[in-house]
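Below, chain A partners chain B and then partners chain C, in two separate complexes.
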Partner chain A sequence: MRLTEKTEVLKERKDSVVTKSKGKRQTVACGMDSTAGTVSQRACVYCGARVVLNPITDAYHIVHGPVGCASYTWDIRGSLSSGSEIYRNSFSTDLREQDIIFGGEKKLAGAIDEIAQAYKPSVIFVYSTCVVGVIGDDIDSVCKDAQRKLNLRVIPVRSTGFAGNKSSGYRAACDAILELIGDAAPVQNRQGINFLGDFNLAAEQWIVRDYFKQIGVKMQTAITGDSTSEGLRCAIKASFNIVQCAGSMHHLARKMEEKYNIPYISVSFYGVEDTARSLRAIAIKTGNDKVIRKSEELIEKKSSETNKRLDFFREHLAGKKAAIYVGGGFKAISLMKQFADIGITAVIVGTQTGLEKEYEILHEIADNGTIILDDSNPFELEGFIREKQADILVGGVKERPLAYKLGVAFLDHNHERKHPLAGFEGALNFAQEAYNTINSPVWRLIRKDWRDT
Partner chain B sequence: MPQRNFINLNVNPCNMCMPMGASGVFRGIEKCMIVMHGSQGCSTYIRRHMATHYNEPIDIASSSLNEKGTVMGGSANLKQALRNVLKVYKPKVIGISATCLAETIGENIEQTVKEFLVEEKISAVDCIVVSTPGYGGSQYTGHYLTAKKVIEHFVLKSGQSKRINIIVGSMSPGDIRHIKEILDEFKLKYIVFPDISETLDGGYRAEYARIPLGGTKISDLKEMGKAGATLEIGKFPDEEISPGQYLKSMFGVPLYRLPLPIGLKNTDLLIKALSEVTCRGIPRKVESDRERYLDAMIDSHKYNSQAKIAVFGDPELVYAVTTLCLENGMSPCMAASGPANKRITPEIEKLSREYKKNLVVLEDTDYQKIAEVVRTANANLLVGPSDGAFMTEKYGIPLVRVGFPVHDRIGMQRKVYVGYVGSMNLMDEITNTLLASKQANYRESMIRKYYSC
Partner chain C sequence: MLDHTPKRITNRSALVVNPAKTCQPVGAMYAALGIHGCLPHSHGSQGCCSYHRMHLARHFREPAMASTSSFTEGTAVFGGRSNLEESVKNIFAIYDPDVIAINTTCLSETIGDDISSIISDIEIPEGKHVIFSNTPSYQGSHITGFSNMVRAMVTSFAQGSARDDFINIIPGFIDPADMREIKRITSLMGIHFVMLPDASGVVDAPNTGRYEMYPKGGTRIEELIRAGNAKVTIAFGWFASAEGAYALERKCGVTPEIIQTPIGIEATDEFIMQLVRMTGKSVPNELEEERGRLVDIMTDTHFHFHGKKAAVFGDPDIVIPVTQYLLSLGMKPVHILTGTPGEYFVKKIKKMTDKAGLNSRVKAAGDLMELHQWIKNEPVDLIIGNTYGKYISKAENIPLIRIGFPILDRSVQTYLPITGYVGAMRIIEKISGVLLDRQDAEASDEDLELVM
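Up next, the complex of A and B:
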């Protein structure tokens, strides 16, 4: 990796790229549609909706559209299930030329019938895609008719690909969950909490659930990691919601507060600091002294155990520089803290769909000179990684080969990961992975010429 | 037998959409940048799919059509995308793949591009538009159609040259490099198109190239009408999307349409064609590769006689691998093409009569059907893309990974499965997988069968 000229961002992108300047009021423009031709790392509305709903284990996901949309999203994520495996299938109406000309409603109705006949589905989600939005198939009424006729839950997901960005898809998914929960009256004697915005990647939800058990808090429903349609309907029984991935779940949390009078607090279980802070906040919110005491005991025990083991990594990673580019804002915030905890400074931090509030926090905790960016692209990442001489990039599947081609270490914070990064266990895995990639001999070797060896 | 279990549903797609095929072809042109004209998701999904398979950065821009663009027309978005791509990537060619959305809203994309070039006074960049709606075909037809469009764009006039054209189908960069080695043995001057041998499997260099180095040269593309012959790898595409057919009818370039050179006879066909067009005998190196493959076939024929293999993927791969299996005395129990193709069934039936083996032939099928046939036929080995790995997980049947995509293994970009050398690699992998399962199970099965009965 050679240092070259200063990175010149495209003029349409100027407001979304900020170099932190201490004491200065700065805002990162976010939440907008992607600029054409920038090679945004974001996907579409449908993708946003599908990632949120997919972990519901007993749901049938029908993608109403051409086959590609279903093909590219078939079982590519690592959400684990303790029960049904239905969610690991991808059903598509596989629209062809003729369907585009004559409309796809009949085919969709037929598809729902076929699933209803062959299986005993508890819920079917029907996703609309770009082309369905253009030809004007009325999926709402097809779903409504099927629901009545077949006496099962058939829920439309308004995820026409072009109608907004990935965040609009999150919202569409939240609306679908709300529709599934239905218009139940608020429950008396509520207990337990719902965990919103965790997708049980590599058992992360189960790790957190175990902490709750240890401090005496019942997890009512996780939304949506390892959830079921019946479980989701019971979410109204919870006394409050905790929200981790706010980007995807903020809408649902607000609506649940509005409709069912369930309050919410924000949490994050990435990193020792945020895990401890979240456990503490939950315990306090329960107002139960025993829970508070137990949570302090757990935090004390786990933090000191974890910190002891983290010391090794701190010693070997101190002074390194990180670039962060991930999906949601909460994750970016936690990652900054988590890197700081093991002696690594974030020199670049950005997200695909971070919220204004989250960017404010990122700006606040960032060091002077840190590049903060929204909806970035390979060009900017490449430029700033060079400019800032980052040692490691953390991101998803598409970012990995870029880091490697630049000769930079990489930490996978993607949906396919096979080891948990959440909780105290996850904090150790995180540090271990950072250590493994940063301290690999390959980086030394690639910088040497064959004449040097 | 019906090709799928449901009339209105594709359950777990065994094919992808046309823009995927288009991307593979555009990536095989020198200094070419790709723009998906449509909503943001298409480019991102394709990038993700290609990134995990090739382990290379895949930059594909999008015109990021939103609601406004869909209603008011997407030309402004497309122009902005082209402008930004030119600024950042400085390409010589821009391949524009029109996705579902752009195709369905019915725009004159060619016209928009022409306007853009005039407005911006650009003459040194070639923009090629190809109509690739997801509902119009598969990645398989998208590949050939795009290759034909590219040739239509560049090839201007006829003439005479001593070179020959090699038009390749969906093959790995490693495969293409091996084909070139064979061509070099024939002391031949040639043009390989699309040439992803470097662009999708590049080495590490200190300088990072935003558009990967390599690809078919533009100057070469322009010369293809003058070639002495075209060898087109692709037995099953319709003539109207065959690039070689176009070169033949427009410029009188003699055409050899060949199957994917996997297996003895299929490779013989390639070698014979090369010998014919060069008027040369078979080079000694090629001869000895063939001898070695024959020797390998003998070595493993008995092990292979126990193989009941299910083959799936795109038509070329399925036909070629099925041939290899039959030639080695294996019993393929299923040959299944995900993409729709009317030509493959009679061809495979011909093979099955020749080798007196019964096998189920499917096209336009899905993984649900494939899994069902695998179970009924009691297959003991699977050969195809990694999407088939769910059958390993569910039924314990091992999978030899070939074709595209392979998400769960590394190094697919450098695997060589074509030619005598590649066929030997593939056969060895199949044989060794059979041997490994036998060794893992035989003690236990002997005890069960003969001792504890």
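Up next, the complex of A and C:
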């Protein structure tokens, strides 16, 4: 089907799909609602909130709604814990027809009671879902009552599915975190840093934590990878915040600056270049000469080690072409640089929820002819992958089988990644994974006649 | 570390912990994918569609396509009419399916969108179809959703009352390999049939290096229409398929025969005998020999599993025949649970386990926390269920055999059947394999046996 034709883009989506043209001022329309009827790769408000809060390891996450929302998000993030595993269970009110008619507040209160009786929860998050938003359950007051009655933290997450998009969910999650830390007493001697926007997928945060240790910087609290409710409350002790996944954490960083006077800087630990740059920025921000010296030593040592080992991959991957379709903008930017570092050109780059600023950067660093797109669908991705003859696609769950069907290699940069991709070690894993999948003998066994056309 | 389940069973009336079911729309979506050239459409928020596609993509390891009405706050207030109108227009313009199969969600159900009236106002291109089923997530389970979409196929398409020389088969919520196996058996008997839905060739489409949005498989529209002329409908399972068969009876007068999903020797016998009774065809030698080989395997290996205790959970139409099969292997299914509500499940299983002299715990609308508690109180040698059983398996150090939906952590199972005599052999291979592997792994050096 449509073998050699140019990929068709729906009229409504024309502004969200841009072919980079040097010297031309181009903008990618983003942040808009998806066109009804498309096979969007996007999710909902609840999804956004759930993925951000899920890594809080000792939290009881109650999904208030029919069972689906709870079952689809049961332990789907590979965010690792060094302590409690309770977050990997699925708690729900499993609303039934009667509850929809008569309201679900009583059931929710009952569910909170039942958790309090069976366990000793440190914090309970209560997520609102689509139907709860419509039947008008007042989860705020149920949570407040339960908190008073049971003497434990019960925090509502305002994540009604239709009330915005995934980004609104990130915001709802940030608000829930703010509510959790909100009542903590102010601290005098602040020290260490909070790491916002890392979720400890495949133990990535532990790699970065180790770098901090080596350069003499204390990681106060990670938000939210491998975090606990107590740890989160201590976040106000930090002297500054570093923000990685800006899409999800920008709101929290801004609020923490406003409320607790904790400034923030942006970082990314994906790729050698960004990792080095981020470590340097953090060291400088501490203003401590010893830390700065140590960070330079670490960067020097690790970069040269890593680069030496990356040379093999550069040699073998040079000239390959990548398609990138991920959730947020920061990751897309890092991935483009990271691919460039091993000789791979990004010919397609897109995100589900990238911000305008991030698209400007993507446009700036993209090669001429690269397709930049927001809120894409499989149809466009398929077309552009073929048109641009990409060798590898980076994405998540829904993109993987699409790539394989097209006979194109795939690298998971989402919840299901199996190896840490952060830091210097992660840069090597990234190259190794790209190398492995691109060089799998399986591609040779597929009849790939569209490439010959 | 993963074990947070207290042994003491307390009464829970509000809280579900670790569900053994999911919601209706994903079942409807899977059923719809079993129509050739069909794009399922989720009338609700984007998240629903995304989650269902993700779940299906993980289980089948295939691209699971579906579109969404992308509800916003405005939609929730003013209704989903304009979203659905726009969706249908866009879907035919961009994706060009033959059929759009709309499922509702808890949101669109609760705000009261009248899909039927919305569709009737939409201009549908010549030769194209739009069907829908109401699949509120707060009723039943994913199995109910599957059942509802099958019923919608019948009420939307089936026509006639000719009682021609063919049968309908409603396979239920089973993997494509099983649909293929059932077609193979029926064809071997020389029987003409329409299978609806038929996801084989859709969610297990061969890799050709091309992406086909609508792979070759799936029940054709002509077949769905023709289903009304069938002599009889065989429906596998009372939960996923019976409603579709009854709808065919109501609409076109096709006699419904509800039988178990043919998993295990007895259920497969029952299926084949039913085919014989309905069509007067005889059982071909090839099938008799298959059965003979299965019985041979059962005799060769019965001491591997005889008397072993098992816990079974999953979807009712699969769990019922699996339990029966375990009994015929001499095993003791002592804990049996489904997340789907329906007391018929309990009655059906109880009858079998009582007859076997077992005092088994049986529950419908249960969750996996409860199953785990049962196992803590009465340990078993084996757990049979979907991927979510792995937490219990790990916590209690009991092997898990993966049968059912979803299976997210193993592959190939959707390509190989568990139905029919061949499927029954595979189940024995799985059971024997894990039990003997366990024995080997735990044996001291002097106890390690070469011949088992």
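Just so we're on the same page, the second predicted complex is superposed on the first by the 439 of 453 C-alpha atoms of A that agree within 3 Å, B and C clash if a C-alpha of one lies under 4 Å from a C-alpha of the other, contacts with A are read in each partner's own complex, and residues count from 1 in each chain.
Methods note: a contact is a pair of C-beta atoms (placed from the backbone, for glycine too) under 8 Å apart; a residue touches a chain by one contact, two chains touch by 3 or more.
These figures come from a predicted structure and were not determined experimentally.
Novice: With the two structures overlaid on chain A, would chain B and chain C clash, or do they fit side by side?
Specialist: clash
Novice: Answer with first, second, both or neither: which of chain B and chain C does A:119 touch in the superposed model?
Specialist: A:119: touches chain C, not chain B.
Novice: Of the two partner chains, chain B (first) and chain C (second), which one does A:86 touch, if any: first, second, both, or neither?
Specialist: second
Novice: Is A:346 touching anything from chain B or chain C once the two structures are fitted on A? First, second, both or neither.
Specialist: neither
Novice: What is the contact status of A:256 with respect to chain B (first) and chain C (second): first, second, both, or neither?
Specialist: neither
Novice: Looking at the overlay, what does A:299 touch: chain B (first), chain C (second), both, or neither?
Specialist: neither
Novice: Looking at chain A, which of its residues have contacts with both chain B and chain C?
Specialist: Touching chain B in the first complex and chain C in the second, residues 1, 10, 12, 33-47, 62, 65-74, 88-97, 99-100, 107-108, 110-111, 113-115, 118, 129-131, 133-135, 161-165, 378-379, 382, 397-398, 400-402, 404-407, 446-447 of chain A appear in both lists.
Novice: Can you list the chain A residues touching chain C in their complex?
Specialist: Touch list, chain A to chain C: 1, 8, 10, 12, 33-47, 62, 65-74, 85-86, 88-97, 99-100, 106-111, 113-115, 117-119, 129-131, 133-135, 161-165, 378-379, 382, 397-398, 400-402, 404-407, 446-451.
Novice: For chain A, which residues are in contact with chain B within the complex?
Specialist: So the residues of chain A in touch with chain B come to 1-2, 10, 12, 33-47, 62, 65-76, 88-97, 99-100, 107-108, 110-111, 113-115, 118, 129-131, 133-135, 161-166, 378-379, 382, 397-398, 400-402, 404-407, 446-447.
Novice: In their complex, what parts of chain C are in touch with chain A?
Specialist: Touch list, chain C to chain A: 1-2, 4, 6, 10, 12-19, 21-26, 39, 41, 44-55, 57-58, 61-73, 75-76, 83-84, 86-91, 93-95, 105-107, 110-111, 136-139, 141, 205, 207-213, 339, 369, 388, 391.
Novice: So in the complex, which bits of chain B are touching chain A?
Specialist: 5-13, 15-17, 19-20, 35, 38-49, 51-52, 54-67, 69-70, 77-78, 80-85, 87-89, 99-101, 104-105, 133-136, 138, 202, 204, 206-208, 210, 368, 387, 390, 407
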